[in-house]
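Each structure below is given as structure tokens.
In the two complexes below, subunit A is the common chain; its partner is subunit B in one and subunit C in the other.
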Partner chain A sequence: MSAEPSAEGDDDEPASGALETWDRIKHTERFVLVSALVFVAVFPWAFTSLPLVPNNLLAYDQLARLVLIWGIFALGFNHLLGQTGLLSFGHAMFFGGSAYATALFANHVVADPLLSVVVGVCFALLLAVVTPFVLLRLHTVYFAIVTLAIAQMLYYMAREPFEGITGGINGLGVDRSPLFGLLELGADIPGIFGALWGTYMYLFIAAFFVGVVVFITRVRKSPYGLIFKAVRENETRASFVGLDVWRYKFAAFVISGFVAGIAGGLLPMETYFTGVERLHWTLSGDVVMMTVLGGLGTVAGPILGVIVFLYFEGVVNGLDVIGGYWLLSLALAFTAVVWKYPDGLWGMITSVSSRLRSRRGDQ
Partner chain B sequence: MTNKRDPGDESRRRYLKGLAAGGLTAGFAGCTGGNGGGDGGDGSDEYDPIGNFPPEGDTVAIGFNGPLSGALGPDGQDQELGFDLAVQHLNNGGGLVDTWDALSGDGILGYQIEPTKADTGGDPDTANSNISGMIQQDNIQFWTGGMSSTVTLAMQDVAQREKVPFMGGNSTSSGISGENCSRYYFHPTFHAEIIGMAAGNLLPEVLGEDRELFHIYMDYSYGQSNRDAMRTHLTENGPWEDAGGSAIAEGESDHQTQIRDLQNSDADVVHFASFGEFAASGLSQMVDAGVTDEVDVFIPHVSAFTLDPMGSDAEGVYGMEPWNPNYDNEGSNTFVEAYQDEYDEIPNQSSIHTYESMLVYAAAVEEAGTFHPPTVVRTLEEFEWEQAWGPSQFRGCDHQVERPWHLVQGVDDATAEEIGIRTEVMETTDPLVYECDAYPANECAMDENEYGDE
Partner chain C sequence: MTLLELDDVHAYYGASHILRGVSMAVDEGEVISLLGRNGAGKTTTVRSITGTEPPEVRSGTVRFDGADITDWPTDDITRAGIGVVPEGRRLFTELTVEENLKMSEIASASWNTVRRRASGSGPPTMEIDELYELFPRLEERRSQRSGTLSGGEQQMLSIARTLRLPDLDLLLLDEPTEGLAPQIIRSVSESIREISDQGLTVLLIEQNVREALKLADRGYVLDQGEMVYEGTVEELENEDLDEYLVV
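So, the complex of A and B:
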């Protein structure tokens, strides 16, 4: 349940002492922090320049940055669904809402990347604080449908009545100035780190990513976070124990919207563009698919799901012949994984590793 | 598909070079990067590296980034066929390459073209991610493709930032060559304002001067800008009378209200500003209501994704096309023949757009003697040519093309079967575009878009 892909490798250690140590540390917060740092440090290189992999199967720098941005989004979404058991089909509202707030602030006030993202996140927080008063009266499918309805309402509002501000279906070009007026994020990092990470923009996004992973883990591991789980497992029981279920659901919703807002704010800074598509329900669907594909309720799962999803969109899409069927092949892969491993890709990895370990136990 | 994709993958090169997607630094690269080691006679020794220039090795990568799936899929797939054919002809000769003196049939400046393609699905974020990969990983020197205005508008900015020329979005928002104009994008087709102008020229000629015009339009920028342009050129500055209009709300597919409004007016022509499946469904409701017996229908821009779902309802409907396979000029005949030889079907405006865009870029590079983007852009800014599009030229003030446009009319099923397309040309304008100081060109601040080597 950690964020570190090298986990499977460690399982191959022969000494059982090492295994015990591994079991002991793998759930600690410090381990998650170190894993997140290692991940952001080597991921872009592995994703874009891994030796012995044919060039057309490798990704490109921007895709690595997009993985982190969408990873943040998926972690935010997962906090609500995987952690607290609330299925939102309208998370595009936080993502797209924050993207617009960020873009408008950058275009009309100051184009500083950090300030703009902060403004975007504030807008997402505002949405996340207001909407639960309607939403949390509802359960299960009603909750999902009304989140969808609210997000679609924002989509149509951005599309027509506010076309003058949002650019309507044509979208909006976004300004981005150097960070604090000093550091141009598009510039290459000099030396070996440049080869590893590309531009400063990657570091900018990676800082948010690590921050979100640490924050989410802190919440998960805290007694407070355990109550989210209790609510997910059985709401009635949780309330019988004397817990104010509404308050915890509200908190989970706000945290989730906040994290999704970070991703939404980062994207226009990365692409210099935002459009109404980011408020559309299909985007809410994408994040559900990424999270479920990777593995609900874990930290590594959603990120794994994002990597696979964007790999299909960004790399398989460009391949000859099969490229034309990238959506179809993604759908097939998704169905196959979920059929065999309902817990997603991360569930697949953990089940393979536990099978390996039990086999060793037999010997 | 045949051997079009062969040159492909092994030689795809990846460059961890200075100009990743961040881009604003691209402009400075020329000052600091020293001379690039361009090989071959492309004149690259004379120019500093900029954007993806110079191409490395003996191939030049060119991208296609269009909607192969989604609602715009039918047009995107035709664009892809046109692109594939252009690559084949530019590399090995054939089609218009054989008749255009500037082109050799042996690649561009002796560099074989290595195509790279991706599907945008009509979504600007997907398009953005695609093009970012093509620019960084495939080192493209130029790209084409695209139908949706949203995508083209977003891609114009990318082209400008990355200093990679882009041409051939078959999109019809007037902002593309208006307020959002870009030094590195060239617009090869019309948009609402030009459609209005062309309709103003031709419709009174074909339908008579004593007519009353009603508008049924989608109530957002697409429909409104078309309505305004038609008003300007047909009723305000033209011979026709305005009979009012009726808006279609977003996503509304039941047009009974609008049809009633139309019947209650005295109109005998309706301008139906809609597209795709919406236009098809609306038209079929008009046919059912018997409207089309008394009223002539004009749809501003007809292309495959609008015509295909219309089927036989399209018979008798007027529309504007930037190109039609029955346009009788030498270039079009040559292209249609070559296209039929390859695919055994009739090309449409989407296939010719990517095809001719590719050839125009190639010819401009040959004339400039280099792939150096600012030089190629300067060459294109005063480029004149005459191929399938007819006598055409780009202009520097907004990069809008000036060329002839076609008033077409839908044909019945039997004729459609015979000629391979649902429209036939009624009239063709002279090369036509508004002045540089008129809307929307007056909103284009081209000088603010840098060449990058100033």
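So, the complex of A and C:
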């Protein structure tokens, strides 16, 4: 919301200073692409080996990869809630569904990582195309509850009746062969890039991540983006301009499920494992929290939320004393942020920076 | 030629019988006023025409340009050529003035599933420049978020946005002057007159009898869900309808 002021049209005024230039470029698609590339290039290094930071406060390589995977998931979830106003409590169905499809394809057909992820995404897409015929008849809380119910239904199905296929509560080990039979993704990247990024797996995931950021931005900047906003604000009003609201909600739902499916497919490739907990409602809850904590309706917000969430789970968790209370401290941080800044961490950053700017303007 | 026709429409909110056989007709090029007190059923009539639920129309028909639109969904009705300016100046408040106007364009670009288009009897769609001429204040505020506009400006934008819809044959205004200052009312009324002078058919729902009669060719009076009077403006002015109206 706040990170996306909609006055993009007014570039007729000549840019007179650095700030004006910044305002002009910061919403362009090219800028988003460049920022995404810069982010994936420096993030793992900053996250895991920033100088002057005590060792026990630094994250580890895998956590950086998980941030990107969860970041994709949060962007997918955010596309539905932040753009269109539909709150899903069952996004685990796309995540876990895709994870299982990916894992089963890798184990029983071909273990190629790219191909397996594509299969997983196709399964998530299938779910996202079929479920709206039930879901989109419902509104607000009923929609949320029934998405939850469908996801939980899949969870219990994977847990008991299909235990033979899914491994039930024990989960499933997943095979992964080299990419196209050529490149082992687990191998270290040689030289300086290895120090920056670790293994080739990071690049594999980062490519999806950048692709998703660009895709989501494309949709937001297109006429569809405006239509989604209109639908979010008021469905009746949208139908008064002749929009078939159902169709746009359907489109948003499919896009969201598709993106969430990418994340779901990448995770078993990263961890060589998948389990029923990836279909569980708590996972749907996590992504809601990450997105709201970071800043709903923006691109940077959900990613920021993921970083903070996983940092608490993966790093604060390991600290002495406070480690045992990582979830409690995260919850307190969440409450404090959302209390003061309902637009989340990203909203906090934008409002602080605009306050600084207006103070500078006064002088 | 009759453009919009309601024939013995009975509408219900749940078990409550709100419209008890409403019939009315709007001819091409006319400005028709639908009058009545609060709770007379004016908005229910509007919602029955636009296909907004509730209410539920259980009997009777709504015909537009010859087609029975009683059971059509709202978006189909909009695409068929009825532009609605809903009560209470409903805008997309998070979008800017210009984006609100653009919304109609963007929406209409996706109208490839139109069931049918009306005869296209209305005037050509107004360009954004023409709308800014009609409502100069909107141009001044073009990059402002529409939620931050004053009530009068919001009403102007709501009308302007509706006028951007292509193939508009009927403009339906639900209480456009409600809650506005007298000076703004005059300016909005003037704009409505200009729009109707261009040949657009207008159905004006009003409590404000004086303003409505200034604009209208004919008027209908609704009371407790029934049409109690129909006539030309001159007849309405001479008739003693005080018991049904707020004057």
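Everything below uses one rule, namely that the second predicted complex is superposed on the first by the 347 of 363 C-alpha atoms of A that agree within 3 Å, B and C clash if a C-alpha of one lies under 4 Å from a C-alpha of the other, contacts with A are read in each partner's own complex, and residues count from 1 in each chain.
Basically, a residue touches a chain if its C-beta (ideal position, glycine included) is under 8 Å from a C-beta of that chain, and two chains touch if they have at least 3 such contacts.
Values in this document were obtained by computation on a predicted structure and should not be read as measured data.
Q: Once the structures are superposed on A, label A:Leu58 by its partner contacts, choosing first (subunit B), second (subunit C), both or neither.
A: A:Leu58: touches subunit B, not subunit C.
Q: Let me test your reading of the model: by the given contact rule, A:Lys26 touches which partner, first (subunit B), second (subunit C), both or neither?
A: Neither partner.
Q: Per the contact definition in the header, classify A:Gly186: touching subunit B only (first), subunit C only (second), both, or neither.
A: In the superposition, A:Gly186 contacts subunit B only.
Q: After superposition on the shared chain, which partner residues are touched by A:Arg218: those of subunit B (first), subunit C (second), both, or neither?
A: neither
Q: Which partner, once the models are overlaid, touches more of subunit A's residues, subunit C or subunit B?
A: Touching more residues of subunit A than the other partner does is B.
Q: Touch check for A:Arg357: first (subunit B), second (subunit C), both, or neither?
A: neither
Q: Counting only touches as set out at the top, which of subunit B and subunit C does A:Glu163 meet: first, second, both, neither?
A: Only subunit B; A:Glu163 stays clear of subunit C.
Q: Overlap of the subunit B and subunit C footprints on subunit A, residue-wise?
A: In subunit A, nothing is touched by subunit B and also by subunit C.
Q: Spell out the residues on subunit C that touch subunit A in their complex, using ranges where they run on.
A: So the residues of subunit C touching subunit A come out as 50, 52, 73-75, 78-79, 83-84, 86, 90-96, 98-99, 102-104, 106-111, 113, 143, 145, 161-162, 165.
Q: Hey, which residues of subunit A end up touching subunit B in the complex?
A: Of all residues in subunit A, those touching subunit B are 49, 54-56, 58-63, 65-66, 156, 159-160, 163, 168-171, 173, 184-188, 195, 198-201, 267, 271-273, 275, 277-278, 310, 313-315, 317-318, 320-321, 323-324, 326-327.
Q: Would you tell me which residues of subunit A are touching subunit C in their complex?
A: 1, 6-7, 9-10, 223, 226-227, 229-230, 233-234, 236-245
Q: Which residues of subunit B touch subunit A in the complex?
A: 1, 5, 8-9, 12-14, 16, 18, 20-25, 68-69, 116-119, 121, 123-126, 128-130, 132-134, 136-137, 149-150, 153-154, 157-158, 161, 173, 175, 180, 219-222, 250
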